[in-house]
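One structure is given here, and the rest of the page talks about it.
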Amino acid sequence: MKSIYKKEWIAMLLAGGQGSRLGCLTQDIAKPALSFGGKYRIIDFSLSNCVNSNIDTVGVLTQYKPSLLNSYIGIGSAWDLDNANGGLHVLPPFVGQEGGRWYKGTANAIYENIDFINFYNPKYVLIISGDHIYNMDYEAMLAYHKEKNADLTISVLEVPWEEASRFGIITANGEDQIIKFMEKPVQPDSNLASMGIYIFTWSVLRKALIEDEGKSESENDFGKNVLPMLLAQGKKLFTYRFQGYWQDVGTIESYYESNMELLKEQPCFDIIDSNRPIFSNGEILPPQYIRPKARINNCLVGNGCTILGEIKNSVVASGVYVGEGAKVEESILLPNAKIMNNAKVYKAIIGEYAKVGANCSIGNSGKSARQAEITVIEGNSILTEDSLNNEKKSCFLQFRCYLKDKKWRVKSWGK
Amino acid sequence: MKSIYKKEWIAMLLAGGQGSRLGCLTQDIAKPALSFGGKYRIIDFSLSNCVNSNIDTVGVLTQYKPSLLNSYIGIGSAWDLDNANGGLHVLPPFVGQEGGRWYKGTANAIYENIDFINFYNPKYVLIISGDHIYNMDYEAMLAYHKEKNADLTISVLEVPWEEASRFGIITANGEDQIIKFMEKPVQPDSNLASMGIYIFTWSVLRKALIEDEGKSESENDFGKNVLPMLLAQGKKLFTYRFQGYWQDVGTIESYYESNMELLKEQPCFDIIDSNRPIFSNGEILPPQYIRPKARINNCLVGNGCTILGEIKNSVVASGVYVGEGAKVEESILLPNAKIMNNAKVYKAIIGEYAKVGANCSIGNSGKSARQAEITVIEGNSILTEDSLNNEKKSCFLQFRCYLKDKKWRVKSWGK
Amino acid sequence: MGKIIGIISCNYLMKNPEGLTRDRPLAALPFGGRYRLLDFALSNMVNSGIRTVGMVTPYHYRPILDHIGAGKEWYLDRKTGGLFILPGATHGIYFKNNKFALRDITKNIEFLEKEKAEYVIISGCSNIFNIDYTNVLRNHEETKVDITLLYKELILNADEDPQGVILEIDAYGRVQKLESNQGKEGQGTKYFADVFILKRTFLLDIIKGHQNMENLDLLDILRENISQLKIGTYSIAGYFGRIYSKQTYFQRSMELLQPSVQNELFLGEHRVLTRIKDNPPTKYGPSNVIRDSLVSSGCIIKGCVSGSIIFRGVVVEAEASITNCIVLQKCVIKKGAMLENVIVDKYNIINPGTVIKGQEGDPLVIKKSRMV
Amino acid sequence: MGKIIGIISCNYLMKNPEGLTRDRPLAALPFGGRYRLLDFALSNMVNSGIRTVGMVTPYHYRPILDHIGAGKEWYLDRKTGGLFILPGATHGIYFKNNKFALRDITKNIEFLEKEKAEYVIISGCSNIFNIDYTNVLRNHEETKVDITLLYKELILNADEDPQGVILEIDAYGRVQKLESNQGKEGQGTKYFADVFILKRTFLLDIIKGHQNMENLDLLDILRENISQLKIGTYSIAGYFGRIYSKQTYFQRSMELLQPSVQNELFLGEHRVLTRIKDNPPTKYGPSNVIRDSLVSSGCIIKGCVSGSIIFRGVVVEAEASITNCIVLQKCVIKKGAMLENVIVDKYNIINPGTVIKGQEGDPLVIKKSRMV
């Protein structure tokens, strides 16, 4: 069965990752569903890039706790991707005649959906992931791919040499043709990092996926297995240099920093660019309500917030409540968090629907913002003065704090 | 996290089944996605019942080959179920912190989605499956459940005694309270069959699911495990008698017969009832186009068909082509099937996008319709005279015929 | 609530608009930072479970259609029922105080004929309140009246809406008289809320009984037949804001800054639904001088804002100052500009250093500008 | 095609309607079993990738809005772009042969101003054809003309549409003259297809240059400036059906029964999009006597039907006979009724035994009935 509308290209968006280094922020949701920047979820950026690049067919591959993600993306209407001749399709792992198979690696996830891609029979396939913050014109990259007559084009970014060993590092020749690819090299011989954005010629990709799947020792991962294999086979792989802002919010620190970046007078990343707008699927909330004694200083604030207290250098998402006398500094409040009267929140990330009770104090305010650890309060937690001071007293509470020294401080007393 | 809109009830629709007794009809799709009655898919009936019963929140549990099903149901707009405060949500199995778990049984599937139900915190949960053909007012059943102050109400139907051992059989007392439940009893002592439609009081169901999940020997199935357990615990289980048409199209024969039922002058099941319409998610196709030499006799025909030949006592779904001189009798043509010039199709089910080549002859026309076997042509098959007469000649064809003697005749020569 | 359908009459004017309703019908007047007046009437219906709504549109219907589109945000883009646009009559209506002109409905009688619902609820669009009509319907059924009029108990202002109607009610809650509110300043009265409920077939009977008297208003017919009809009443308990002039528009807007009004209208179980626009969150600069205001998304606030309603996409530059103002969408208030008691309509750019002050209680209106 | 937006003019009349356009604008005239005329103009735009369409609506706009709703079926219920309703001017236009009245656009100039697209394609809604405008745009860009008019090479009928325009073209494909088609029967001509393409800014310039001449039609302006303008042309290759009278409506309908027309209009890559209705499949009884017809869904056909177009939900009882007819939605043709050369408008019930025959080429019209 084939679509009567042959597509020039379609996008496959990998959204199955847990993002385990984000700790309790992704306890109950997939990383692409994590709130970001006051009103977005991380997947908004990739999906908006697709629609702003005139891609009308996107397969979204899910696996880890997809329930919020599924509800959030629906059939893609929020991104104008609800289109009968293509559109957005969620592709979870499934049970077939031979039983169920979870996605083993990034390449395997695409392999399992070869039928989906064949249906549209595109010339090119764009592979992206749903957990990066950036604004990119994939159409320009496709034009480059076609111009180079490449088998695979990989979008790359120059990174500081000292950070290069954290990335997949690409060495290219003077014509930008890739001659070497190394996952997290100890001694990088280039500072061009792969952004995990690939444009494949579909016929090449299909063959490679089938071949890779046949190798029992393969982890079926693009970076670890498929790219080296293609290089070894002498395929034409090119780099495409991206200049703008790109951030993998893979850790608590990078998540925190890239949110804070938005507060700068001239942020590296402009969420207000109206030519390539970031779409999201928001609830209909009333305007934000700033009460007479509120003080707001250098903040990003979403709709539906009620601010009675003081907020400073913070990103405050939709539906947040900050009570009278409360003080929030250098923090990220996720949607529907509640900071009750006279509570203090310093350099913390407060999860969705979490409640910081009256007079509670969160975060190490003794140090400067630069030095202090980031405290993370898990979504749906309810903190009270009692629960903080005397853990044993209350038996109905659950929250976890993640500290910068990479240790979990788990406070959990039953359910 | 809880919805601010507490729901009185929500529906959970089990749509994960393969329907393995339907053979090659469900080779590539889940049973609820199977075409039925010329323009519907089986799940349309359950979803339309929900919306006609004023249910605004439905969880659809998928597992087996869900890709067509996912695309078909989307976010439920075709059934007016795209509602922000509830609506339709697809719930596939997923990977959590402890790895991925497929749904083990019907009860386990609901168990794995307790969080989803808790979010809406309903008083009652309606559990239905997506593979029955019927038109039912669940609201009346809910009223009955409330009136009886029941823990669980099971919709039942009187079946002929000789068929009773095919069903889950319920014995009730004079007050319609259930005193016994037997899955497929050899010696049934009642002819009240469970229709697999349950209304649970949520608090009772939640407790039962957790308890059943704890039993390692349980198959986590409602009929086999949960119902007997609740009975043993002395819970209040009631039967609700349903009078109308209800058909489990679980086998090729029942699928065939219930399609043919629609051709009767006064069918048991009226798809034209405008008070409780059956909604479906159709393509926009032109009207059916009946050419000058066509002959149509007692047929149901969908949009987008082009009929040049002769069709008789058949259900012809959307987008079908019947060529000149072709003859179709006592058959079901699924969407986009093509019957080429002078082909003969007798008592067959032709799968979606299958093509019966010119002059091909399908089905045993030597016998009367009553006696003949049903021939099933798998979707996407391409039959030619050559492939039928001399299997070895063609190496690009694949089709399977399912015969009434329960044997597969597989003709498959590579891909 | 499948047994009730709604009709919203948007085919009437604000009598004292001063530019606010020059280019837009009253129904499309922006209100409360992100809403339009009709959102309140429409949300009340939708939140009460009504899934079929006919909207009687005025001659300038484009702003209404631009706003409601397919009715998606109100869950009215449905296969059964949904939103129906009912073009109102165009000629001469502005000479009358009609809100529920008979011919607006006569012209669209098919809408009433093809529906099967038992009841119809008819509403105006210029009052701000948040109500669940489920209780109103129950009351209507229990009291077995022909028609139920909703009213609000209030004290009349000096400057009253010429279209206002007050009800005289007997001990049984039955309406004895529908009067004009003019000349009744300072009195506590039962003010008709422009909402009533009746049987669909009864409404069809009324229409057919007055076929050649198209200039009538439904209220006229009630008045004439008051002795034969059982007209019941239902008193609205919560906040009720009337908008019929520039001044009342300003007052109602400022009332939104009261926590009780804010809570009642916006933060209860029934949300006011409106069109979704993709705007980033609002960014506040380091000035620390926003207070007592409602601010919509997509704004950049660096100047001083107090006691004001700021619509989406507004830019307030540093050292600008806005006090007791309503600033509609996409205005830019340049550095050092000072506004007080001003309503700034859409797309205006207020130049650096400009000072504009209206009187307290009588704000100045800066008319809508062309989008640049 | 993000660089082009569309405008469809629905603000004009069929001159010879005989009841078919009494209650509905021409754009909403049902056609081809399940479509309405405007579906063709709208689908051509959408299938060419155009995602922003403004629709200029006539005074009787309700049937159009009922049909297109939110534009969902045309994928125009979008966050960016989508479908915009542009209310046309109401007075006096029927005295003129205007199809592209300047003031229809002037009144809605904001639509053109706020879009950023480079080009605008403007279309009428009374011609039936299926085209991909991508090639037209490419041609327009390559030939570097100011404006491209689409035309169809055809031979004129005796009974011609008074609004028809024919083009006189030089060897380079440039338009030298725009003439009326009247009095040119039998001649092979280049018939203007009511579609043209031009730069958005150029259209804005034209509008601003004629601000006080609102009664003009865009074509008048082209005529007056023909020597200064580079007016290019594009010839439509495939089927092209004009509807401007009852007779041509009937002829075009019957042409759909030709396989080549059917294939070209409906079964190619570009599907004609229309409103989705939930109807069951059509049920045919054991009569064996349907042939050479187009039948929509939801019908029950027991009688004899031949050479006819049957819309959705029609019931043809046993022993009824329908020959060369167009039967619009939800009509019931009772037992033994006989119809030949008849157009039966919506909701009619033809009583048992009734015999109605129109002339070949001049069908009778049975006007729309009230839904029961």
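In order of appearance the chains are A, B, C and D, and numbering begins at 1 in each one.
Please note the rule applied: contacts are C-beta pairs under 8 Å (C-beta built on N, C-alpha and C of every residue); 3 or more make two chains touch, one makes a residue touch a chain.
For clarity, every value in this text was computed on a predicted model and none was experimentally measured.
> Among the chains, which one keeps its Cα centre farthest from the Cα centre of chain D?
Centre of mass proxy via C-alpha means gives A as farthest from chain D.
> Go through B-D and B-C and name the pair with more C-beta contacts between its chains.
B-D
> Measuring centre to centre with CA averages, how many angstrom lie between chain B and chain D?
41
> Just the number, please: Cα centre separation of chain A and chain B in whole Å.
Roughly 38 Å, centre to centre.
> Using the average of all C-alpha atoms in each chain as its centre, how far is it in Å between chain B and chain C?
Distance between chain centres, rounded to whole Å: 47 Å.
> If you look at chain B, which of its residues touch at least two other chains?
Residue numbers touching two or more other chains: 77, 82, 84, 277, 279.
> Residue numbers in chain C touching 2 or more other chains?
Answer for chain C, listing residues that touch two or more other chains: 77, 79, 276, 278.
> So in the complex, the part of chain C that touches chain A is made up of which residues?
It comes out as residues 32-34, 73, 259, 262, 265-267, 271-274, 276, 278, 280-288, 290-298, 309-310.
> Which residues of chain D touch chain C in the complex?
Those residues of chain D that touch chain C are 60-62, 65-66, 69-72, 77, 79, 82, 84-87, 90, 108, 110, 113-114, 276, 278, 370-371.
> Which residues of chain D touch chain A in the complex?
Going by the criterion above, the answer is residues 2, 51, 75, 77-80, 269.
> Tell me, which parts of chain B touch chain A in their complex?
1, 16, 18, 27, 62-67, 70-71, 74-75, 77, 82, 84, 89-97, 100, 102, 115-116, 283, 352-353, 379-380
> Quick check on the complex: what are the chain B residues that touch chain C?
My answer: residues 4-5, 54, 77-80, 82-84, 277, 279.
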